[in-house]
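Chain IDs A, B, C and D follow the sequence of writing; residue 1 opens each chain.
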Amino acid sequence: MHDLVIRGGRVITATDDYVADVAVQGERIAAVGEDLRGEEIIDAEGLYVLPGAIDGHVHMRTERAHDVYDDDARTGSIAAAFGGVTTIIDQAQVPLGTTLRKGLEQRLEELRPCLIDYGVHVNLREPSRERAAEIPAIVNMGFPSIKLFMNYDGYALPDAIIFAAMQEVAAANGLAIVHAENREIIDELTRQNLAAGRTGPRWHLSARPGALEGEAIHRALALANVAGARCLIFHVSAAEGVREIRAARTRGQEVYGEVCAHHALLDAAALADPLRGSALVLSPPLRGERDRDALWGGLADHSLDIVSTDHGPRRRARDAAGTLYTPPGTSGIEVRLALIHTYGVTAGRLSLNRWVDVCCSRPAQVHGLHRKGQIRPGFDADLVLFDPQRELTVSAERLHSNIDHSTYEGFALRGFPVSTISRGELIVDHGELLGEAGRGRLLARGYDHATAATPAAAPVSR
Amino acid sequence: MHDLVIRGGRVITATDDYVADVAVQGERIAAVGEDLRGEEIIDAEGLYVLPGAIDGHVHMRTERAHDVYDDDARTGSIAAAFGGVTTIIDQAQVPLGTTLRKGLEQRLEELRPCLIDYGVHVNLREPSRERAAEIPAIVNMGFPSIKLFMNYDGYALPDAIIFAAMQEVAAANGLAIVHAENREIIDELTRQNLAAGRTGPRWHLSARPGALEGEAIHRALALANVAGARCLIFHVSAAEGVREIRAARTRGQEVYGEVCAHHALLDAAALADPLRGSALVLSPPLRGERDRDALWGGLADHSLDIVSTDHGPRRRARDAAGTLYTPPGTSGIEVRLALIHTYGVTAGRLSLNRWVDVCCSRPAQVHGLHRKGQIRPGFDADLVLFDPQRELTVSAERLHSNIDHSTYEGFALRGFPVSTISRGELIVDHGELLGEAGRGRLLARGYDHATAATPAAAPVSR
Amino acid sequence: MHDLVIRGGRVITATDDYVADVAVQGERIAAVGEDLRGEEIIDAEGLYVLPGAIDGHVHMRTERAHDVYDDDARTGSIAAAFGGVTTIIDQAQVPLGTTLRKGLEQRLEELRPCLIDYGVHVNLREPSRERAAEIPAIVNMGFPSIKLFMNYDGYALPDAIIFAAMQEVAAANGLAIVHAENREIIDELTRQNLAAGRTGPRWHLSARPGALEGEAIHRALALANVAGARCLIFHVSAAEGVREIRAARTRGQEVYGEVCAHHALLDAAALADPLRGSALVLSPPLRGERDRDALWGGLADHSLDIVSTDHGPRRRARDAAGTLYTPPGTSGIEVRLALIHTYGVTAGRLSLNRWVDVCCSRPAQVHGLHRKGQIRPGFDADLVLFDPQRELTVSAERLHSNIDHSTYEGFALRGFPVSTISRGELIVDHGELLGEAGRGRLLARGYDHATAATPAAAPVSR
Amino acid sequence: MHDLVIRGGRVITATDDYVADVAVQGERIAAVGEDLRGEEIIDAEGLYVLPGAIDGHVHMRTERAHDVYDDDARTGSIAAAFGGVTTIIDQAQVPLGTTLRKGLEQRLEELRPCLIDYGVHVNLREPSRERAAEIPAIVNMGFPSIKLFMNYDGYALPDAIIFAAMQEVAAANGLAIVHAENREIIDELTRQNLAAGRTGPRWHLSARPGALEGEAIHRALALANVAGARCLIFHVSAAEGVREIRAARTRGQEVYGEVCAHHALLDAAALADPLRGSALVLSPPLRGERDRDALWGGLADHSLDIVSTDHGPRRRARDAAGTLYTPPGTSGIEVRLALIHTYGVTAGRLSLNRWVDVCCSRPAQVHGLHRKGQIRPGFDADLVLFDPQRELTVSAERLHSNIDHSTYEGFALRGFPVSTISRGELIVDHGELLGEAGRGRLLARGYDHATAATPAAAPVSR
């Protein structure tokens, strides 16, 4: 007699698709089988049972470049849970002059109100070898993923420091995460735009051609290759970026690629909207159809690995002249799973299994989460019941973020989570919040144990 | 309380690797979990628990080209079970002038003594469109895999008939299996060899250059492509064959490739052995190191799918002059799983998961076996307990085939099955035969239900 | 003082483009230089001076499959000369039961009235090794190119004979030319079309999918590879064909590809024309835009080598019901050079140099014509003066073939030859025929002397 | 009656190979033909007649990084002429604080003693947009090639300035030449080597892995691509560098690659020689066999374009302790043509035509020399008579550089120039210097006229 049994759902994982009961004992999955008996029963007939979704790229009330995002750990994690997310990984943007450990601890303090489990990437901002030398200790504390920026004042590191940091990451068996943009040339093109009076959102993309993203990614991967570091490229946005990741992978390098939902779904033309366009002045920028095709293609053929949100939205504000505008930042944490189901699976770009893989399973592997992302005895009982038939339209009012608009306002969705279970506890059910903020647990991560699935072959069509 | 619980083994599948109990109820897997309770318990600590191996290419006492193989359904299936095999697929070589149905039924009669479950590929030998038109009925009876020969007198079909048969296969949603060799040119080169007095085993390969295998496979795949048929190439042996399959796959065609153990493990030089060489005069032929590297590489990178044996051995005989020789044919059914573990996994060519995939899981998908090949509730309780530490050397005396030698005589093995469970029944245990010949069941196969795993991504190294 | 000097033209070859005088002494080019002095002077200012064009694929009043083409050696070679062609290569379709030598000699007799120089490909039609064994003698007589058909009743050879013939070609250092189509499957698809009542020109293409051309070409090249024979594929028509030639070339095989003008310029939709469509029921068939793009791309990137015409037109006729129709066959010998200039160079698909290469220089190399195709001292003084500004529209009345229509009726042309010089003799000048039929000379061909240009690099743009 | 006729030589160009007379009138080639008559006759029977070789990368007594090379314009150009070189391109390393024009003029002054014709690349050293803005004027003066360093203190430019300079180059239709190395990471690795006590020549390569050259080249090409500039990568040394150039070229970018003779011929192991190793501490470094194979392969398949020397040798010197050593720098200007003939053509890596192409013709195209590099009427009469049979061994005594050793000491040579003609004047003949220093002329270069050969196809083997 197990504590809880999810009965009769269609269990979908990165590789499987079958009907079974899932039994939970305490916080873990105890069994997957037929006719399992439980003290409590949840009827999942007609629903998909998925591993809890993981969003490996979020910013809960972080400050960055003068922005303070308006979702904090509490509101953001509640929105996440409504969207089927059971784990988020935030970032500690360690201030200059602060040790990585202290910066991490401060950030951990801010994340305590989390409803769901969480991890933290640690961002090396200080361009010094001494600070980089702190990396192994951080990795060994269970924070293996070190974020390195190639762009943004106050964040970008010189290549030599990126390289030295990657060497530290490699020595400690961690993961180098890179925000890859060619800062120097973007700045130069921006300077030229300004000098020529070319200002406004529509010139944003012109200073960030895809060829430069290809350059920055190739450079990051070359450095990681020489350093011997496992490397994840955040928010790949351009066809040239996909090309370089695929090429490095083909040469045998251990490299991963992340796609953010907005790059896969929105076009640069959206910047023209007077009210909403200002929110979409992002780096890397929104691009065109050819690039979006490359991103979906890369996810489908396993050249890219995971879909995240870079969730970090802001409430609308008025500018000096009193005009309402939307500060830069994207929301998405509550709708990602449904968006990728709708525009990935329903649209024929991804298989059902691959959808679960890029949203739920593969992020666990890439981010070193040993007990997440699978529906298998011994794993955390993080589960989502997803109704594939439910149809709705995105609007900020329905969502649970602390913001007054949505990046995906008006997008039609097909399928949505109905219940979210975190370590055996039903925290969201049919639109009702049942879990308590602060119950989320900090996750130790790493690559020392067996976390990786071997690739299976292409499906035999039916 | 389940009927049987395999306790504490290391469950290894094509994608997973974890410690758990596996519970069996009746003939099926009922649950995978922790602390499962069973009437009967098998302690698997320290052992691998694998899905039962599947050998999709065997000949039990079939006549072909004047050969009568010396293992029959009983002896061959017993040898199989000792080697961890729980399903075999034999072939009905339907005689000329006989309907496919009648030929199939005769063959089914001969397979009744099987200890383990079995299926049958149906071989279209008669070069007529009328005979080919019987294919859909056969597919719909649960025999979706139609074998088509491009070589051998009495077996080879003209391309037009192969194409027409593929169209029938496509219409019925079956699988065209092709023995792909360029018969005309092989015959021509053989004729030239004979005319020049170049006879004997060592000239065998010279008449079968790899470029001709590439030709035959490309042709078979082009025909399958135009016909719209799913296609499996049997016993790929040459680098050029791997190249053509990989290229077609990259173009999006649904094509599969099989490797036979002997092509992956033996060199053409073996034909020089006076006593044993005559057994190895095979078509396609044994080749060289470059070809073997291509086969292992193709298995590792998913360009090829499955490893089989083409098991069809013969006892030694004396020729007219009274000299002992070994008639052509390979054994291997009892050692394949261990051979691929030893020379694939231990040698660093395949991962543990991929070993299980090519021997156990992928054959189930490719051959349309819905309830085989996975350790998952609802699937048949076909399980192997494999001791990865056991070391032994192949010799015919230890094996259970009805023959007096072994193709792999003297090969060192690392790891061997200790127990084999077929549909919940322990049929072989620690060297003892417990199951009864004839208990095996004929399997209906097909592609109408969900059988296929979606590919997962490359592993995150530890 | 030279016999003749072409003064001040823009000399364009496969690799050069410069203004110079070209001096002729007797039948040869004596010098290229400045201020050359001649007894006779032709002013070429404003004109291109090209090596005489070569059409390596024509049929002058050949019978084939019940067709008798309506241009004979006299009319066809006159039309050729007006189009800037100074060499043609016809075919000896040696009848069954006749030795290659005798068949060749009969054909040579028929070609005597040629105005320009000519060669002959010898077609092995008889499916016998004995006949194939005559090949080396033919090659050594100066006829190195042996034509082998994979399609057409009475022409197609079994693969074994094609292979044996290629071995003979290889031994004699000749060239195997292949008409590559998969006859068996085309026949099968045609049979199925007929059985289903799908008749008429529009079903012609449906029985000849591009994948089958890819198959036939791959097969031909595999056989040539094993035989060790240099190989030219005639009239490549499908993207799949280009793909296979490019792949073989990349693997280092010595293979060449020919494009016929109609495949590069006409669409399968043209078959719908009631009067003209019947002329275009060709094998290989006219195809679609994707295929034409592949042909032009293959010519541009050197995956394909030469452009020919397969010139073999027929006059209009009346069918049994008295309706006028156009029997199958294409004209083109008089307009090819201008067509490729217009739709290749002017349309931006080929450079000026590459146009000259595929029409004039490369055919000389591929067909073993040692003294043709270059403007260089010692080479035959075969020269065309081409006015790149002249504009005209193709119509049968303006042309010199013995037919009453043109395959390219209504095509706009930009650029046309104004004078044609053959071995130093001005044979066509400003629309006037000056040469005498019968002056053409039979050319000995072969590969024993230095004929090949080494590839130069990509151009440095200006 | 021409001024001079080279009679009966074997004229070899990038695309041709035939016996002819070459007539010279004044400084130009007047005609190529048979039986040309001249006031003066040079008998070239048995010799190759080549276009004068061009060395596009030399340093005659330049200072760079504290080195003063020991060949000056006079001695270096005399050595060049003995080696069949008729044009060199030196570099103006414009000092900081000096306008490009002034720096160029100073350098031109120093080059006046040249025996042969010369050009100058202008090096932008000052990292300022203002200095970069001077580029168009320099290009328009006939100096289209702007050298940009990514490495070396006092030479390396920030990426933004490289990019801005490339934009200026693009606007003026010039050529950006890049010394591509990843300075930051090389410095970091060097720092780490030093910190770990790893000093000496053998650690030189360890700080310059090929992957970093791939990185730097990819970055340079990405910047050139965005800027729209034609780009030449100097001294490609690593397989990864060849790979990136080939990839960019395949994507359609106008990029060229140079190989320096020492990278193609010497191994990193040579640094171990106590006396000579110190001369070979070069950047990019000498590497291994895999890299040399990639360089030869890139030249052969047209992924790389030209072979130069980076000639800039120094006489032996004594260090503080009085020990004789060889300061860094390579000689080679006198032996390049013979070395590439010996180790390229004779060794089977390059065809005869390709040898002439990479040493003589292609440099003219890449560097915008309109009247050099071809044997064609109107071109400068720069010609080399090369004896392919002559055998000798490289030793400094036989050579004409102002140094006391040779980079290729002891190398066997097959073939050597016997006579060198510059603009119609015989300046070196059978080991005797006939021309006068200072007769060389400064060459205006550019891309506005027709300079480019279109690629021809692969040769038809004989």
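Just so we're on the same page, a contact is a pair of C-beta atoms (placed from the backbone, for glycine too) under 8 Å apart; a residue touches a chain by one contact, two chains touch by 3 or more.
Here the structure is a predicted model, which means the values were calculated and not measured.
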*Any chance you could name the chains that touch chain A and chain D both?*
none
_Measuring between Cα centroids, what's the chain most distant from chain C?_
A
_Roughly how far is chain A from chain B, centre to centre by C-alpha average, rounded to an integer in Å?_
42
_Just the number, please: Cα centre separation of chain B and chain C in whole Å._
50
*Calculate how many whole Å lie between the centre of chain A and the centre of chain C, each centre taken as the average of the chain's C-alpha atoms.*
59
*Can you tell me which residues of chain C touch two or more of the remaining chains?*
none
*Would you tell me which residues of chain A are touching chain D in their complex?*
158-160, 163-164, 182, 184-185, 187-188, 209, 211-212, 214-215, 218-219, 222-223, 225-226, 247
*In the complex, go through chain B and note every residue touching chain A.*
14-21, 23, 25, 28-36, 173, 230, 249, 254, 256, 302, 305, 351-354, 357, 361-362, 365-366, 368, 374, 376-378, 447-462
